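What follows is chain A paired twice: with chain B in the first complex and chain C in the second.
Up next, the complex of A and B:
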C-alpha cells in the first residue's frame, strides 16, 4: 500500500468511526438533521473566510480563518436551533428555520465573494461533495484529533450523555442541560467540520445516520450501539475507500454512503427475517 | 449563589429539610408565549402533606407544575421550595411527568433508567457509586420491579413504565415528590403499588404534590386539595374544596364518585 492510499484510508477510518459513533447519539436523540444544519452552517463561514482572505490580502491566513469562520458560523446556526427551541418552536421548525437562514446567508455571501473572484466553483464542489481521494496528512489530522477527544469525552461522560439523550426533560430538571447543550454544539460542529473534507456536505448526513440504523436491531445497550455504530462506520468507510482506490473508479464519498445504504438494507431485512424465524420457532 | 454555581446549576448543600413550608407558590402566572394559562396562583404546601391539584381539562394544572419546576418560564410570580429557589434544592425535588418524553424503544435496561434518578446528586459524568446503586435497587424493590431490573425498556407494559418512572423519582431520594396524573390509565396492581409507595413516603415526613383527575377519591387519598381553573379558585381540605362554589362553577353540579 502506497503512502497516499494509506493516508486516504486512515482519513476514511477516522471519519467513519467519528460519524458512526456520534451518529448513534444523534439518531437516539432523533436529531439527524441537526448535523445537516450544522453542515450548511459551515458554508457561510467558509465562504466568508475566503472573502476575508481576499479582502485582507493575506493568503497565509486562509486555513486558520477557514476553520475559525466555519466553526463560528456553524455554532451560531446550531445555537439558533437551541434558541428557537427554548422559545417553544419544535425541533423540526427550529431546524427548518436554521437551514433556511444558513442557505440564504451562504448564497448571498457566495455571490458577493465570487463577484470578487475569491471563491472558485471547484472549492464549492469540494465543500458539497468532499474529495476523499485527495486527502492529505494535514487534512486528516483534525478528524484524528476529534476522534481521540471524542473517545475520551465518551468514556468520561457516558452515563451523563445516556441520561441526556434518553430524557432531555430530566436533564433540564437536574440543571445539567446548559453544559451538555454546549458540549453538544461544540461536538456537532467539530464532527461536521473535520469530516467535511472526506464526505462533503451532501453525504455527511448519510454517514451520520446509516451506521446507527445498521447496528440498532442487533444491540441491546447504549454503549453497544455507540461502539457498534462507530465500528460499522469505520469499517465500511475503509472498505469503500479501498474499492474506490483499486476496483471501482467512482467517487469515494459516494461509495461510502452507497455502501452504508446497502449495509442498512441488509441489516433491515436480516433482522426482519430473524424475527420471523423466532416467531415460527416459538409457535412450533 | 456565585457565577460558577449558577452556570453548573449546583444545588445548595446547606438547605434545611425541616422547613414547615415545603412549597410556596406566590402570584405565579405562566403560559405559552405571552398568553397566560394560569394566572396569579398562590398557595402553600406544608411539609409531610399530600396535596391534590385538581381542575377541569385545560384548566392549566400541568402548565402550573411545569412553571413551578422551571420547565417553562413563569411570566410573573415566584416559587420557593423549602424556602429556597428550585435551583438551590433541585436534588430534593423529584418529578414524574404525565406524558413522559422517554423513547421507550431506546436500547437500554430498566436499571439504567432508574439510575437516572441519581444523576442530580452526581457530577457531570453521572458515574454511580455503590451507595447510588443501592438506592436504585431500593427504589426498584419499592415499586415491585426488582425482578425486571435487567429487562429492556421496550419490553415493558404501560403500567410497568409508570412504575419505572416512579422508581426513578424514588431513587433520587427526594423530600418533595411532584407527579402529574400518576393514577391515570394504570391497572389495579400498579395503583396498589403506587399507593403503598405514597403512604411510605408520607410516613417519612415527605411531601407529595399530585395532579389528580379522579375527583371521586380525592377525599380518601389526599390531605388537602387545590382547585385550579386558570388560577387558584379554592384551597383547603378535600371536603372544603369539593363543597365550594368554585368547584360547582368549574365542574357543574357534579357529585364526585369513587372510581
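Up next, the complex of A and C:
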C-alpha cells in the first residue's frame, strides 16, 4: 500500500469512527437533520474565510480563518434553529428556514468572493460532495484529534450523555442542560468541520445516520450502540475507500454512503427475517 | 430595463418552479414534514440521471425518472418511519444521502459528468443565468407558436410541472383540505382513495423537486418549498388561501431578488447569484410575515 492510499484510508477510518459514534447519539436524540443543517451552515463561513484571506493577502491565515469562520457560521445556524424553536416554530420549519438561509448566504457570499478569484463554484461543489481521494496528512489530523477527544469525553461523560440523550428532563432537573446543549453545539460543529474533507456536506449526514441504523437491531444498551456504530462506520468507510482506490474508480464519498446504505438494508431485512424465524420456531 | 430573451425565461421558470413548490410545500408543512422537501430535492438525482440515460435528453423521460425516484423516496420514508426505534427524522436523514450517493455514482459510472451533459454544479446551484430564449425579441413574439419550439427546456419543465401539479391538486382539493385540518379524517375514506391521494401528493412533490432541480438548483429548493408557505401560514385559514398567499410571497420574493441583483450589478458590479438572493429573501419574508399578520390582528400559531 502506498503512502497516499494509507493516508486516505486513515482519514476515512477516523471519519467513519467519529461520524458513527457521534451519529449514534444524534440519532437517539432524533437530531440528524439539525446536524445536517449545522453542517450546511459551515459553508458560508468557509466561503467567507476564503474571501477574507484574499482580501487580507495572507495565505498563512487560511486554516485558522477557515476554522473560525466555519465555526461561527455553523454556530449561528444552530443558534437560529434554537431561536426559531423558542419563538414557537416547529422543528421542521426552523430547520428549513435555517438551511435556506445558510444556502442563500453561501451563494451570495460566493458571488462576492468570486470577484477576488479566491473561490469558485467548483470549490463549493467539493465542499458539498467531498473529495476523499485528495486527503493529506494535514487534512486528516483534525479528525484524528477530534476522535481522541471524542473517545475521552465519552469515557468520562458516558453516564451524563446517556441521561441527556434518553432522558433530557433529568439534565434539566440537574441544571446542566445549558452546558450540555453548548457542548452538543460545539461537538456538532467540530465533527462536521473535521469530517468535511472526506465525505462532503451532502453525504455527511449519511455517515452520521446509517451506522446507528445498521447496529440498532443487533445491540442492546447505550454503550453497545455507540461503540458498535463507530466500529461499523469506520470499517465500512475503509472498505469503501479501499474499493474506490483499487477496484471501482468512482467517487469515494458516494461509495462510502452507498456502502453504508447497503449495510443498513441488509441489517434491517436480516433482523426482520431472524425475528420471523424465531416466532415460527417458538410457535412450532 | 428587461432584456426579454434572457429575463423573460428566467422569470417564468423561477415563478413556475416557486408556485409548484408552494403547492407541494403546503401539503408537507402542516404534517411537520417540510424537511422532506430538502431531502427530496437531493433524492431526485438518480431518477433524473437514469431518465436521461434512457432517453438521451432532458425531456419527459427524465421528468418521469425524477418522479419515480421521489415516489420511491417518499414511500420509503413513510415505510421506515414506523419501523425503527431511533429518533424523529432519522429515516429522512438515512435515505436522502443514500439516494444522492447513488446519483453521484451513476453520474460517474455513466460518464455523463465528463461529457458535461449533466453538470453537478448546475444541479446543486441552478443554472438560471444560462436561460436564453432566442426567438423572443419583443412581447408579441410570445404569441408566435414557432417561438415556443425553441423555448428553454428548463422553462418548459417548470411550466409543465406547474400545470400538472395544479390540475391534480385542484381535483383532490376537498379531500386534501380536510385531511390537513384533521389528520384522522383520512380514516373515514377507503384505503384505495387514501392511497390515491398519497400518490397525488408524491407526484406534486416530485414535480416541484424536478422543476427546482432544473432551474434554481437543489440547494435552494428547500427555500422555495418552505419560505412562501411558512409566510402564508400567518394569513391563511384554508388550503387555497395558503396557495394564494404563498404564490404572492413567492412573486414578491422573485421581484425583490431581481431588483437587488440589478442593483448590486449596477452599484458594486457584482452579479449576485439569483438563487442565493431568492433564498435569503424568502427566509426574510417568512420571518416578517407573522409580525405583519399580528399588526393586522391575526393571531395564527406559527407553523
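Keep in mind that, in the parts below, the second predicted complex is superposed on the first by the 284 of 284 C-alpha atoms of A that agree within 3 Å, B and C clash if a C-alpha of one lies under 4 Å from a C-alpha of the other, contacts with A are read in each partner's own complex, and residues count from 1 in each chain.
One rule holds for everything that comes next: a residue touches a chain if its C-beta (ideal position, glycine included) is under 8 Å from a C-beta of that chain, and two chains touch if they have at least 3 such contacts.
Everything numeric here is computed off the predicted structure, so don't read it as measured data.
Enquirer: One more residue to check, A:70. First (chain B), second (chain C), both or neither?
Expert: neither
Enquirer: For A:222, decide between first (touching chain B), second (touching chain C), both and neither.
Expert: Only chain B; A:222 stays clear of chain C.
Enquirer: Which partner does A:163 reach: the first (chain B), the second (chain C), both, or neither?
Expert: After superposition on chain A, A:163 lies in contact with chain B alone.
Enquirer: Look at A:250 in the shared chain and tell me whether it touches chain B only, chain C only, both, or neither; answer first, second, both or neither.
Expert: second
Enquirer: In the superposed arrangement, does A:234 touch chain B (first), chain C (second), both or neither?
Expert: Neither partner.
Enquirer: State whether A:88 touches chain B only (first), chain C only (second), both chains, or neither.
Expert: So A:88 meets both chain B and chain C here.
Enquirer: Have a look at where A:21 lands relative to chain B and chain C in the superposition and call it first, second, both or neither.
Expert: After superposing on A, A:21 lies clear of both chain B and chain C.
Enquirer: In this superposed model, does chain C or chain B come into contact with more residues of chain A?
Expert: With both complexes superposed on chain A, more residues of chain A are touched by C.
Enquirer: Taking the superposition as given, does A:41 touch the first partner, chain B, the second, chain C, both, or neither?
Expert: A:41: touches no partner chain.
Enquirer: Shared contact residues on chain A for chain B and chain C?
Expert: 28, 30, 88, 216
Enquirer: Any idea which chain C residues touch chain A in the complex?
Expert: 29, 32-35, 37-38, 42, 83-90, 92-94, 96-98, 100-102, 104-105, 108-109, 120-121, 124-125, 219-220, 222-223, 225-227, 230, 270-273, 275-283, 286-287, 301-303
Enquirer: Over in the complex, which chain B residues touch chain A? Could you list them?
Expert: 7-11, 32-33, 69-71, 87, 90, 93, 95, 97, 100-103, 106-109, 112-113, 115-116, 119-120, 124-128, 152
Enquirer: Provide the residue numbers of chain A that touch chain C in the complex, in ascending order.
Expert: Touching chain C: residues 27-33, 36, 87-93, 95-97, 99-101, 103-108, 110-112, 115, 121-122, 124-125, 128-129, 202-210, 212-213, 216, 249-251, 253-258, 260-261, 264, 268 of chain A.
Enquirer: Report the residues of chain A in contact with chain B in the complex, numbered from low to high.
Expert: Touch list, chain A to chain B: 28, 30, 88, 156-160, 162-163, 165-176, 178-180, 216, 219-222, 224-225.
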